[in-house]
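Worksheet for the structure shown next.
Just so it is clear, A, B and C label the chains in written order, and each chain counts residues from 1 on its own.
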Amino acid sequence: MNGFLILFYFLAALAVISATGVISLRHPVHCALSLVVTLIALAGLYVTLQADFLGIVQVLTYAGAILVLFIFIIMLLNLQDDELKERGYGAAAKALLAAVSLGLFLSLGYLVTRPHFPISALPEDFGSIHSLGKALFTSYVIPFELAGILLTVALIGAVLLAKRRLELK
Amino acid sequence: MRLDVLQLWQHAWPSLTLLIAAMVSLLTSVFPSRHRARITAVLAATAFLLSAQGFFHQWGLGEAKGFEFLVVDPLSNYLGALIALIGFITSIAAYPYILSQAEAIPEFFSLLLFAAFGMTTMVMTTNLLAFVLGLEIMSLSLYVLVGLRRYDPRSGEAAFKYFLLGSVATAFLLFGISFFYGSTGTLDLSRIPELLPNPEMATLFKLGALLILLGFAFKVGAVPFHFWAPDVYDGAPMPVTGFMATGVKVAAFGALIRVVEAFAPRHELPLQRWIVMLSFATMIVGNLVALRQRHLKRILAYSSIAHAGYLLLGMATLVGTGEIRAAALSPILFYLLVYSLLTLGVFSVLTILSSGGQELNDLKDLDGLSEKRPVLSAVLSVFFISLAGVPPTAGFLAKYYLFSQAIQVGLYPLAIAGILASAVSLYYYLGPIVRMYFHSHEKTWQAPGVMASLRLLLALMVAGVFYLGLFPASTLEISRRTVPIRALEAPLASPSAKLP
Amino acid sequence: MEVDFHHYLPLIFVLLLGLGFAGSFLLLSYTFGPKKPTASKLDVYECGVPPTGDARERFSVKFFLVAMIFLLFDVEVVFLFPWAVLLKEFKAAGTGFFAFGAMAVFLLILGLGLLYEWRRGALDWES
């Protein structure tokens, strides 16, 4: 077992455990912090999978920007301790739900790991900013522009829904 | 392998027109003008009409051209023209309503154009990456449009619900697409026929296809993934509801045609069984639950669910033969046209009635409408009767072609269920008509007079209902000649798709 | 598949160094720092005046809007990185104009969004 494999399993376990934390912790801020760990572990996974640039982008946007957004929402809602009651599931229902999710998780894991995926040699600069940029500005131009349009629509939506008073200058 | 921009413009300009108009109408909020509302409305309507004309012109050329990520073929042009026409009718019918109900007038038309652009992208691609991007452009625009009545909590609630559940649907779709990519090594649907079945990947491939289908079922509102529709339709502004009920269905079913076309030759997929089950549940549940609704928009929501069921029945006939055939495709395309015409007709009239400042909601609000607004009542009745499938209107013929196709390929139980379900639907479509004509009025109507352009449009639409019902030959011929291209000419961008 | 492990050694080294420094300082101050707690030392510090109200105040939705706009332009910057790195290479390969045009259209679309936002007053701080 080489170092990379150990790192991969460590990060994978970290991602799964912290993701469980996101849905099982009681306080929303703890959930958000748990989510940071998940996202950073995923970034690490990307790096071990040779997708360096993707890993960096993951930290930059997800762990950086999106988590800040989540924290703002949590502060906006400002839930007090007495509002954070336990969800109304009994122990039996919780165990059942946990069993179902574990079953789904294991069966999906089995399905994904069973077939032998064809392994071909990676190109020299796979996953680097170089190869990504080359693809993005040659053959992937149309999805790239579509992504720009998507961002603009999101921009309009954010202003329309969150702005208290619309002005027209 | 560089994109030829000039060629792209030549073939895809009707779609790009929508995009440009969307950006320009956004700019009207930049320049100060008293006539801002009118300018954006005229701009949007002109762009929609120009785009529809362009799509139709392209259809007439009958060419098929593949770009990386985009496909321009008769199918995309037919659906694109339909989407642009839906946008055109919505933008005209919505104008008085938007003036009275919303503060974000330039944004309304801009988002309408953006959504229509997303829809055309959805039907203009066989690549799942571009499809998802188009879907999200459409969905994000619609989430915001639903929440456009910013001070109405019901509008906000509807937008929130739509956003959450729509995101779940997209998650399903993306999960399915990732399995699809993992098992085939390509994101392009048109590549599937080349790939030899690989028993080792069969389960993953099947799982991917199933999840993609479920994502679609969510978007078209098929049972059991329909729960969002009544609440969202109920809370959304009236013209937006009409746009959603028609545009989303056309775009999603258009994309589904491509998915079904790609998956149909793969016999390891029980595709027909899946679609038949979805269709069965959707027709039955949609029609039966509609009977118990008291709110006009909820009735129409369940009606749109029921019609999604009929369209899924058409999809099932598409798979039955093992490969796509024009004979099975044309009833679906004709049905999409007729359904959009009728549903938009109903919503246009309801939008007019809602533009006095308060939203029409309860079925009771229609009481005695025929005395105050006899013409509008008559027009609304025509659309409702036709939706129920009464001859000699378009709604009857559309259903007839769909069901007879199902009988021809031997889907007897499904066809019988469809016929029975649409018989039931007569009851809830007649409900509003009875209200209008046989109940005394209590409400004082404040709805303003109807614009001349809208009057003309409604007259044309009513004429269309009877024209398509009595002389369907030429329109059917158009839908018969609308076929998707089978393979792309251009080499594909995805990493060398080899056998899984 | 051979993986070039050494390529990532500096990264791992920096991570360990950062964690080690931060952790060891915390540990050192915890073990060697004098601890003589009094009531006023443990009290919440708020500029010397007695604290009032809850520390967790409700934030305005304005912050959310700023964060949202930041996020969207953050994603835009992600697309700019590979473009900036590769533009010279594209130019050498004769596709510089195409790459430039692609980014120009992208920025034009988002720039219009920014213009809209500015004119609609979304960049102003509502009071």
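Everything that follows uses one rule, which is that a contact is a pair of C-beta atoms (placed from the backbone, for glycine too) under 8 Å apart; a residue touches a chain by one contact, two chains touch by 3 or more.
Every value quoted in this text rests on a predicted model; they were computed, and no experiment measured them.
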Task: Pair joined by the larger number of C-beta contacts - A-C, B-C - done: A-C
Task: Chain whose Cα mean lies nearest the overall Cα mean - done: B
Open item on the list: From the mean C-alpha coordinate of subunit A to that of subunit B, what's the distance rounded to whole Å?
Closed with: 31
Open item on the list: Suppose each chain is reduced to the average of its Cα coordinates; what separation in Å results between subunit A and subunit C?
Closed with: 16
Task: Cα-centroid distance, subunit B relative to subunit C, in whole angstrom - done: 40
Open item on the list: Using the touch definition from the top, which residues of subunit C touch two or more other chains?
Closed with: 95, 98, 109, 112-113, 116, 119-120
Task: Contacts with two or more other chains, residues of subunit B listed in rising order - done: 2-3, 26, 29
Task: Interface hub residues of subunit A, defined as touching at least two other chains - done: 138, 141, 147, 149, 154, 156, 166, 168-169
- [ ] Spell out the residues on subunit A that touch subunit B in their complex, using ranges where they run on.
- [x] 111-112, 114-118, 135, 138-143, 146-147, 149-150, 153-154, 156-157, 160-161, 166, 168-169
TODO: Going by the contact rule at the top, pick out the subunit C residues touching subunit B in the complex.
DONE: 95, 98, 101, 109, 112-113, 115-116, 119-120
Task: Contact set on subunit A toward subunit C in their complex - done: 2-4, 47, 50, 53, 57, 60-61, 64-66, 68-69, 72-73, 75-76, 78, 119, 121-122, 129-130, 132-134, 136-138, 141, 144-145, 147-149, 151-152, 154-156, 158-159, 162-169
- [ ] Would you mind writing out the residues of subunit B in touch with subunit A in their complex?
- [x] 1-3, 19, 26, 29, 32, 36, 67-70, 103-104, 107, 110-111, 114, 117, 121, 129-130, 133-134, 136-137, 140-141, 143-144, 147-148, 150, 159, 182-183, 185, 200-201, 203-204, 207, 493, 498-500
TODO: Enumerate the contact residues on subunit C facing subunit A in the complex.
DONE: 1, 3, 5, 8, 11, 56-65, 67-72, 74-76, 78-79, 81-83, 85-86, 89-90, 95, 98-99, 102-103, 105-106, 109-110, 112-114, 116-117, 119-122, 124, 126
